[in-house]
Amino acid sequence: MILELENISQRKNGQRILSDVNLSFSKGAFFVLMGPTGCGKTTLLRVAGLLDKPSFGRMKYQSEPIPHRGKERLHVRRRMATVFQRPVLFRGSVFSNVEWGLRIRGISEDEISRKVSQVLVMVDLEGYGDRDSSTLSGGELQRVALARALVIEPSILILDEPTTSLDPNLRFNLLRRLKDLHSETGITFIMATHDFTDALSLGTTGAVMRNGRIEQTGTIDEIFYSPSTPFMASFVGMKNVFPAEFSEDGAIVEDLLIRHTSNKRGHGFLAIPPGAIVVSRETTVTSERNHFAGTIICIEREGSIFSISVNCGNLLMISSVTRSALSELDLTEGQDIHISFKASAVHVF
Amino acid sequence: MILELENISQRKNGQRILSDVNLSFSKGAFFVLMGPTGCGKTTLLRVAGLLDKPSFGRMKYQSEPIPHRGKERLHVRRRMATVFQRPVLFRGSVFSNVEWGLRIRGISEDEISRKVSQVLVMVDLEGYGDRDSSTLSGGELQRVALARALVIEPSILILDEPTTSLDPNLRFNLLRRLKDLHSETGITFIMATHDFTDALSLGTTGAVMRNGRIEQTGTIDEIFYSPSTPFMASFVGMKNVFPAEFSEDGAIVEDLLIRHTSNKRGHGFLAIPPGAIVVSRETTVTSERNHFAGTIICIEREGSIFSISVNCGNLLMISSVTRSALSELDLTEGQDIHISFKASAVHVF
Amino acid sequence: MPQLLEAFRIALDMIVSGDPVVFSIAFRTLMISVTATVIAALIFIPVGCLIHFNRFRGKRFLVSIIQTLFSVPTVLVGMLVFLLISRAGPLGSLGMLFSPGAIVLGEVLLIAPILTGLTISALSGMGRDVADTALSLGAGQLQMVLKVLSESRYMVLTAVLMGFGRAVSEIGVAIIIGGNISGYTRTLTTAIALGVGKGETSASIALGIILLALAMIVSVTVNTLQHSEK
Amino acid sequence: MPQLLEAFRIALDMIVSGDPVVFSIAFRTLMISVTATVIAALIFIPVGCLIHFNRFRGKRFLVSIIQTLFSVPTVLVGMLVFLLISRAGPLGSLGMLFSPGAIVLGEVLLIAPILTGLTISALSGMGRDVADTALSLGAGQLQMVLKVLSESRYMVLTAVLMGFGRAVSEIGVAIIIGGNISGYTRTLTTAIALGVGKGETSASIALGIILLALAMIVSVTVNTLQHSEK
Amino acid sequence: GGQSEPSAEPAMEQTTEIAEDAGNESVPPRASVSRLRVATTTSLYDTGLWSYLEPMFEEEYGVELDVLYAGTGKALEWGRRGDVDVITVHSRSREEQFVEEGYGLERVTFAYNYFLIVGSPDDPAGLEGMTPEDAFTTLMQNGEAIFVSRGDDSGTHGKEKAIWAIAGYDYEDVRTSGDWYVEGGSGMGPTLVMADEMRAYTLSDMGTYITYRSDLDLEPVVDQGDILLNVYSVLEVTSSRNPEMAANLREFLTSETVQDLIGNYGVVEYGIQLFTPCAGEGIQGI
């Protein structure tokens, strides 16, 4: 464990922002911190980056307690770098911004110019060195801030939503480079993000916060494919989350019997990923064990897929289909259709 | 046309930032402006919002030319509101921020408090009125900035990446409310965004910029499903874009003959959406007219789907499949497989 | 330095016993310098805004000139105003010389560069963000400027306090164009200068303490206003 | 105001003819006030930083006190330093009274509140962003403070120019603890004051013009340095 | 006020630098022992007499003479604190008190002239030719014609009070008797300017009046009367660091050559005798 947070609480203006947060970051992890806006991600990252002191709790770096002040704390802080959610650049050129972290560490001029050029290439800003930092576009600014932290080659790199202003292609390239850097150098990344694509493609472990508490922590797959609470399920985008009574026959949700593969009994929740729900005009015999008839309530475009709300008895189920499926099946609102899904697609918790 | 930009060019520090931009925004449109970072979106929105004067070109509001200074310009500007990419809040409470636009318009106290409460509910910040603006989280700040512009009820609302710091659920809700507002009030929206989901779910018309020029403008469907140039194709995420020679038989790409439904002849480009390419272990007879054998080069996770690069002769094709398809077909790197796609899925330009 | 203790004793005495002469001088001092500060602020904060928010040739040079005028000695201002309003001067017919109004005029001119220069500095520190935001929400030019000023109010208030400090503590103007006339144009500083001339060190320091007490009241008032406004 | 034209003619004459007395006085004035400003800046900009970057009880009160001291009259500072370094004072044995060094001491004290107060204002205007960024990149406390100072350098330089302006234009300290001794402690302002006392208006204004010319050189130099650095 | 024992502190170490630095304008010597400080009243300083005599004295005795000017009160205060070595002022009673208290060695008079009552040439109160006391009585009774007082406890102010006393008035009554009595609080020069601006009368020493005369529209209206006698004297300060040099300065001022120079000072420039030398003549003043 390179960094450990133990029972961290943070209060501001009498408001409890973080409650009893316990997290540990193993060396070389790419840790992704998620959660709704205002849940405390930034506050937590500021504590982790030693920029704020928590009101309560303690921290360890490589198993050594980090003191609240003094040389040792500075020493640990110097092994970290944080890129803020709303980065500010110093006045002056892009170069002078990026080199600053090296300069205060007393690196030689040669080394500085070599490293700065390298990192500028990495963030796709080759040739921007002489540009005045106040003339950059949003995405350029964000990348300079990233470069400024990367160039230090910290042991722990803390990123607070580092890719929000980037277009998808650039973002993809940049994330790939971060991933390469991660696997080459073994830097520990701690990244807050709202973007599941980023989280899934980069993260090894992660946590989801809610109201200042850690809701779930574990590997990325655990978080996305085994949400432990209804909040988690709805947070990771599972649309069809229902409370259910589990018995030997299956799960009773409202008046429907839903078959599943778990051996859970009693009260609980289940979720059916919208992508797992097949829509058809007629019922056909398949290996799917759940079949229901329903009516299309509404069809909505969500990005490049379409989300179809189907009323089955008292239950509103959402299925997502592609544009081509939509037109091939010729689906319209108000139409009667059939939905089906495999028992193994039902997530129980 | 509520707003027209004619031959707009913008220079800064001798640098050409915008070149000969022509755009018109029809009343009640939801116009989406896209393009890679640094392409000039913010610069254009500042001109459109009457915050900067272009070095060249002219503008019309409701077919009347907008003068470069004076009462009339102010009058038009007062019909607009802009939310910046990096919004700043005024010092003081959230309420005092949101009410400001109304206060300078001399709205009565009652009206002000009614409207402010309403708009705070809309951006999910009910009860935040008394909070000091400097204590907000990134996403809260962004929504206050949005509320501050919405409350004015402008005729044209200009948004420069308004949802970057929001988590997916909140973003979804907020976008839905913006859409409702759009259809209810007929406000003209001009929104820069990097997020295709936002663009697709909100936009009616749009444009993509590149290096300070308009690359393509039209309806959202035209932009996303009929890109007019290779840049556009790759920008909207079409992965399999190839130069081709078109003849009566079909299109020759490297040594493959690809069948399509267009009647284009001579040199051009074609693109095959990765989602339209079916991967199978054996060839089966289907209605698909393009069948090729190939080898899997690599499998990569991109968010919740997987991207499979397949080498067919000299051509690298990318197919995207879901997690479940991947495991059912038991695909691994190095494996020989077959790919197929319909002639109607091939986009020719 | 027994005189210091003595001075505190005298100052306390003057305050406690309500010495009418001292009180009237203190009141006059406050009136004159507050009036001068208010007038100067009303004129030169807007002037600073005008300079900051407009682009024109020679702007940087103008700012240098203003900063140069930070160094103008009070006696020089005193002399120039004297030449202006003395009987033989262009405004001689107004008969302003040796009146409290004349002191106000001189002090306004004296602190004009301070208020203008510090306003420009304050606004420069704000960047374009706030101005742009105000404009984007439909502000007219004036509303925008007022908003930016109010955002930089801490600095602007420092400027006002600095101007007040300069006005209340200056001697040159008050002596040369006020004349230090007992019961009419005598201010705390000219009274102090007089005392110093007479070698009445402790009494002079006592008056200085009273002056600082006045300044304290002003600064605490202004700070409290600023904080409560927020 | 024919005296004004006359004054310009005299000033020009003094400069062109290289009047040795005037030149030596001007040089002395510059040396004294630049020395005082540099010393005060080296001490009180850091003091301002210390106050700004630390939280403690009574901080707001301390800031009020500093702002109050904007109003300290130069004669008061003069008297206090006089009591300190006159033969009969605690530092009397140093024999500093009526020497240029004594004037420097007095001016340092005089402009201390200006430099401290304006430094605090300048830093307050920067917000926590810059400090946080510096810390997040591994800066120690001192490196962080230096970075924030350098980001607010326009304001800090205004503060320094304001301090210089106050030092170079003040009379009280220079007269009371310098003594205006010809050829030794006479500065431009005390020479002006003497001229005014003798009714030599034009010559006094001419000296004032020379003083402003000096100040102009200083302000242009400082501004040029600042812009070129950027 | 600052009472302190006239203390004799040990001479300071810096004496070595003196020889090299003496006379160098821009790099003055630092040790106070090498410098002789004389405090003089502003009116005397403003006539330029000291600038005229200073180089002669410095040449003759090889010392750096620092001439400080101030009101009589301040000059004596400096003497009490030991900050100056010699004092030249013009207020007999205060000088005598200074000597009595042990701060000064002996009051030695060396020159005199007369105070003048000056006013605008049309002489609105008709004071021309009166004695000083009659003139003041007339002013008091007239109550219209303005009189500007120095009001600063200077020697001149002291003289004015003395005249009021002889005229039979209590000074406090005069001060508070009406707007006609303007109590300035400035030096002689500014007071003359103020009187000129207000077309008022004032009491001035001759030296300052002469130097200002050309710029002002003021004429002497009363210049006769013993009470107007203005006697300058020199006092050596007891606690001086450099008593010998202080004595030298007293001797210098009272020497025959210098007495002649004082008598002739300004005659060419102003066409009038500014000072009458009186060393050893027993003229003590009032």
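Here the chain labels run A, B, C, D and E in written order, and each chain numbers its own residues starting at 1.
Rule of thumb we're sticking to: a residue touches a chain if its C-beta (ideal position, glycine included) is under 8 Å from a C-beta of that chain, and two chains touch if they have at least 3 such contacts.
From a predicted model like this one, the values you see are computed outputs, not experimental measurements.
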Set of chains whose contacts include both chain C and chain B: none
Any chain that touches chain C and chain A: B, D
Chain A and chain D, separation of their C-alpha mean positions in angstrom: 56
Rounded Å distance, chain D centre to chain E centre (Cα mean): 34
Euclidean distance of C-alpha centroids - chain A vs chain E, Å: 88
Sites on chain C at which at least two other chains make contact: 3, 176, 193, 196, 201
Multi-partner residues of chain B (each touching 2 or more other chains): none
Per-residue overlap in chain E, given as positions that touch at least 2 other chains: 2, 187, 190
Touching pairs among all chains present in the structure: A-B, A-D, B-C, C-D, C-E, D-E
Footprint of chain D on chain E - complex, ascending: 2, 4, 7, 9, 12, 25-26, 28, 30-32, 37, 42, 46, 51, 54, 64, 66-69, 80-83, 187, 189-190, 192-193, 211-212, 215, 239
Chain E - residues contacting chain C, complex: 1-2, 70-71, 73-74, 76-77, 151-154, 175, 182-187, 190, 194, 197-198
Interfacial residue positions of chain B with respect to chain A in the complex: 12-13, 34-38, 41-42, 85-86, 135, 137-140, 143, 160-161, 164-172, 194, 196-197, 200-201, 224, 234-235, 237, 275-276, 300-304, 322, 324, 345
Touching residues on chain D, where the partner in the complex is chain C: 1, 3-4, 60, 63-65, 67-76, 78-80, 82-84, 89-90, 114, 117-118, 121-122, 124-126, 152, 154-155, 158, 161-162, 164-166, 168-172, 176, 188-189, 192-193, 196, 201, 204-205, 208, 211-212, 214-216, 218-220, 223, 227
Interface residues, chain D side, partner chain A - complex: 129-130, 132-140, 143, 147, 151, 230
